[in-house]
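I have placed the structure first, in the form of structure tokens, so that the comments after it can refer back to it.
Each chain gets a letter, A, B, C and D, in the order it is written, and its residues are counted from 1.
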Amino acid sequence: MAQIIGGLGTSHVPSIGVALDRGLHDTPDWKPFFDGYEAGKQWMRDAKPDVAVVIFNDHGNSFFLDRVPTFAVGVAETYKPVDEGWGPRAIPDFQGAEDLSWHLVDKLVERHFDPLVCREIEVDHGLQVPMELFFGRPDAWPVKVVPIWVNTIQYPIPTPQRCWDMGRVLREAIESWPGDERVVILGTGGLSHQLQGARAGFINREADLAWLDGIATDPEHYRNMTREDYVEQFGSEGAELIMWLVMRGAMDAKVNLIHKHYHAPASMTGAGMVVLENAG
Amino acid sequence: MAQIIGGLGTSHVPSIGVALDRGLHDTPDWKPFFDGYEAGKQWMRDAKPDVAVVIFNDHGNSFFLDRVPTFAVGVAETYKPVDEGWGPRAIPDFQGAEDLSWHLVDKLVERHFDPLVCREIEVDHGLQVPMELFFGRPDAWPVKVVPIWVNTIQYPIPTPQRCWDMGRVLREAIESWPGDERVVILGTGGLSHQLQGARAGFINREADLAWLDGIATDPEHYRNMTREDYVEQFGSEGAELIMWLVMRGAMDAKVNLIHKHYHAPASMTGAGMVVLENAG
Amino acid sequence: MTTPNPIPDTPLFDRKGSIRGYRMNKMAMALGNPANRKAFLEDEEAYLDRFGLTAEEKTAVMARDWHEMVRLGGNLFFILKISAVDPVPITQIGAAQAGMEHGAFLAQRLGKV
Amino acid sequence: MTTPNPIPDTPLFDRKGSIRGYRMNKMAMALGNPANRKAFLEDEEAYLDRFGLTAEEKTAVMARDWHEMVRLGGNLFFILKISAVDPVPITQIGAAQAGMEHGAFLAQRLGKV
């Protein structure tokens, strides 16, 4: 059976990609941010995963408001980076873990999830940036991907509990897959930020730091929060953090917090990551 | 609060629409079929609903295989009939019950359904034909609609139990809506038919007749069947009947079977309808 | 559904068919657009080439070989649009699937006399 | 979410915004296509007219009035594409939302010195 060898949480701020494109990696603004990811990159090199299941939201790039999926799962052979308005980025296409994707879809539907199943679709910075943060800029990505989109833009967005439950089903699905793939699961988005309204620029460092520990040690606390609680504590766009719950729901009740990093602001966002391993 | 004043089940065979377009209504092939719907039409005239919630599947018209939603809910102001290849049909556009639709979406997501939320979309014969069968060919439809699409084309399709559960949430949502709308809910599709494979032309009159009674008196039996059971008993395309379970799940445990009609074959399909009222 | 479909003579349109028939079904889906129907009627082969159909797929479509189209992953709901452009009764398509003569199909499967 | 959002100064993009801002967001979404970006740069008003924007919406877009665009239902994730075509830092857009001068916004909200 395939196995989940680690759960990662990370921001996916678009300006991270821009910073990498423009070689701003070592500028005073960005260096502390990128330096903190070195441990995560090293962990990834050692862990040698075959597949990354990436939970993220689209940001008005692959989905428009004409048809908004609550959850979508990619089953494509290949995913190209989408042009978000700034033109194409010089990063490789993503190869899909096509067979595993279909298996996850089967299990999700059997377990009463209702995904949009996507065979022809591009991926935006929500997937691109986490891949760059953990794998750098290779000529070809060292893992295949299963993209899973969560609606965090148009209300109603899914509840934290629903995200958690999806994680549990994904784990069951991965562990019932007859292959021997080593799988990492990435919950992305956040941390605290708000782009719209008079509270724009809201960052909550205290809540962010509590989150980075609590997602490891006390996930029930975050699972039991309402969507409104997320918006209040983490900002209207920081509510994206519900997507880390999909990752966390796929892990053991007890996990080891292997690495942790926080930096604020990255652009207008509290930013950071965790690396978790199952502890039984 | 809004209330469900009746649950209807009906076939939505495309050739019914063609027969109406070509004035074949009274030909020997079609007359017995259409005659059987007169009681349903009369029931509808007497019931005077404001809104029809129509559960149907798309048939390769509004959705392609690039992005297949397990469930989709319309929230549009207006739905045009889609051109299915034969050109536009001379039937009026459908007005959406926009506010109620959004309320259903809110409740569905809160209750852990994951709909695709559609604001710009056309509807195919899956919705058109049931409307014509129960409302005839008015200059304007006398009800607003909430279209709900169920994937019955690309596997995995949702389970019968999931369809049932959706019906229960829809009822809760409708009854928690502060308006005073009178709502009918239509489960459409079937009855037995198969278009593909060496078993094409399969019709199971016995199973169809049992269904028309059993959906009223013994829905648990059909809820507990597997998707494969449906294909085996009703044919690969007859498995659409799972959509009647959404309607049935929205009704009382006990219902009165007010009208029933069966005719086979309509084109290549066992065809018919039921009218159900809640009995407490 | 992860296991092969166990119901005799009844293909289910699962991942395999969906992947295999993707090009053909996309071509057929596009016939919902009047401009594409015109293009199909004016130069069918050029139209099929636009969607990258293989030689095998093109032959099946151009011969209106419904059985072969389905074997290659065509799904009836999409490829039926070909029968909107070049009319053929659905029962004849059914008969082709069943491998029966049309009259025999109507009588034996649908109970028509 | 059926109740008005209770979090101060924090609009949620619910049905009202989605419906109200539909045209503007669709126009902005289309800027993901290079041909549309070219059209926008060459004749912005003609481009906006293609998407049926109202006079009020056009004025807000053409003035790059981010606060007003959001008030009219624009969602940042869509309308940000305007800042891809006509560059402006995201923090300046944030400052406009907050109703603050850019430097003050950077200092007070983001803790930059």
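One rule holds in what follows: a contact is a pair of C-beta atoms (placed from the backbone, for glycine too) under 8 Å apart; a residue touches a chain by one contact, two chains touch by 3 or more.
Quick caveat, the model's predicted, so the values are computed rather than measured.
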Computed distance of Cα centres, chain D from chain A, in Å: 25
Distance between the centres, which are taken as Cα means, of chain D and chain C, whole angstrom: 46
For chain A paired with chain B, centre-to-centre distance based on mean C-alpha positions, whole Å: 38
Multi-chain contact sites of chain C, meaning residues that touch two or more partners: 1, 15, 18, 22
In chain B, residues with contacts to at least two other chains: 65-66, 106, 119, 154, 156
Chain contact graph, described as a line, ring, star, complete graph or other shape: other
Contact pairs between chains, per stated definition: A-B, A-C, A-D, B-C, B-D
Chain D - residues contacting chain B, complex: 1-2, 15, 18-19, 22
Of chain D, residues touching chain A in the complex: 1, 5-15, 18, 22, 25-26, 28-29, 31-34, 37, 70, 75-78, 80-81, 84-85, 90-91, 93-95, 97-99, 105, 109-112
Residues of chain A that touch chain B when the two form their complex: 65-72, 105-106, 109-110, 112-121, 154, 156-159, 161-162, 165
Of chain B, residues touching chain C in the complex: 15, 59-61, 64-66, 82-87, 153-156, 194-203, 227-228, 231-232, 235-237, 264-265, 267-268
Residues of chain A that touch chain C when the two form their complex: 75, 102-103, 106, 119
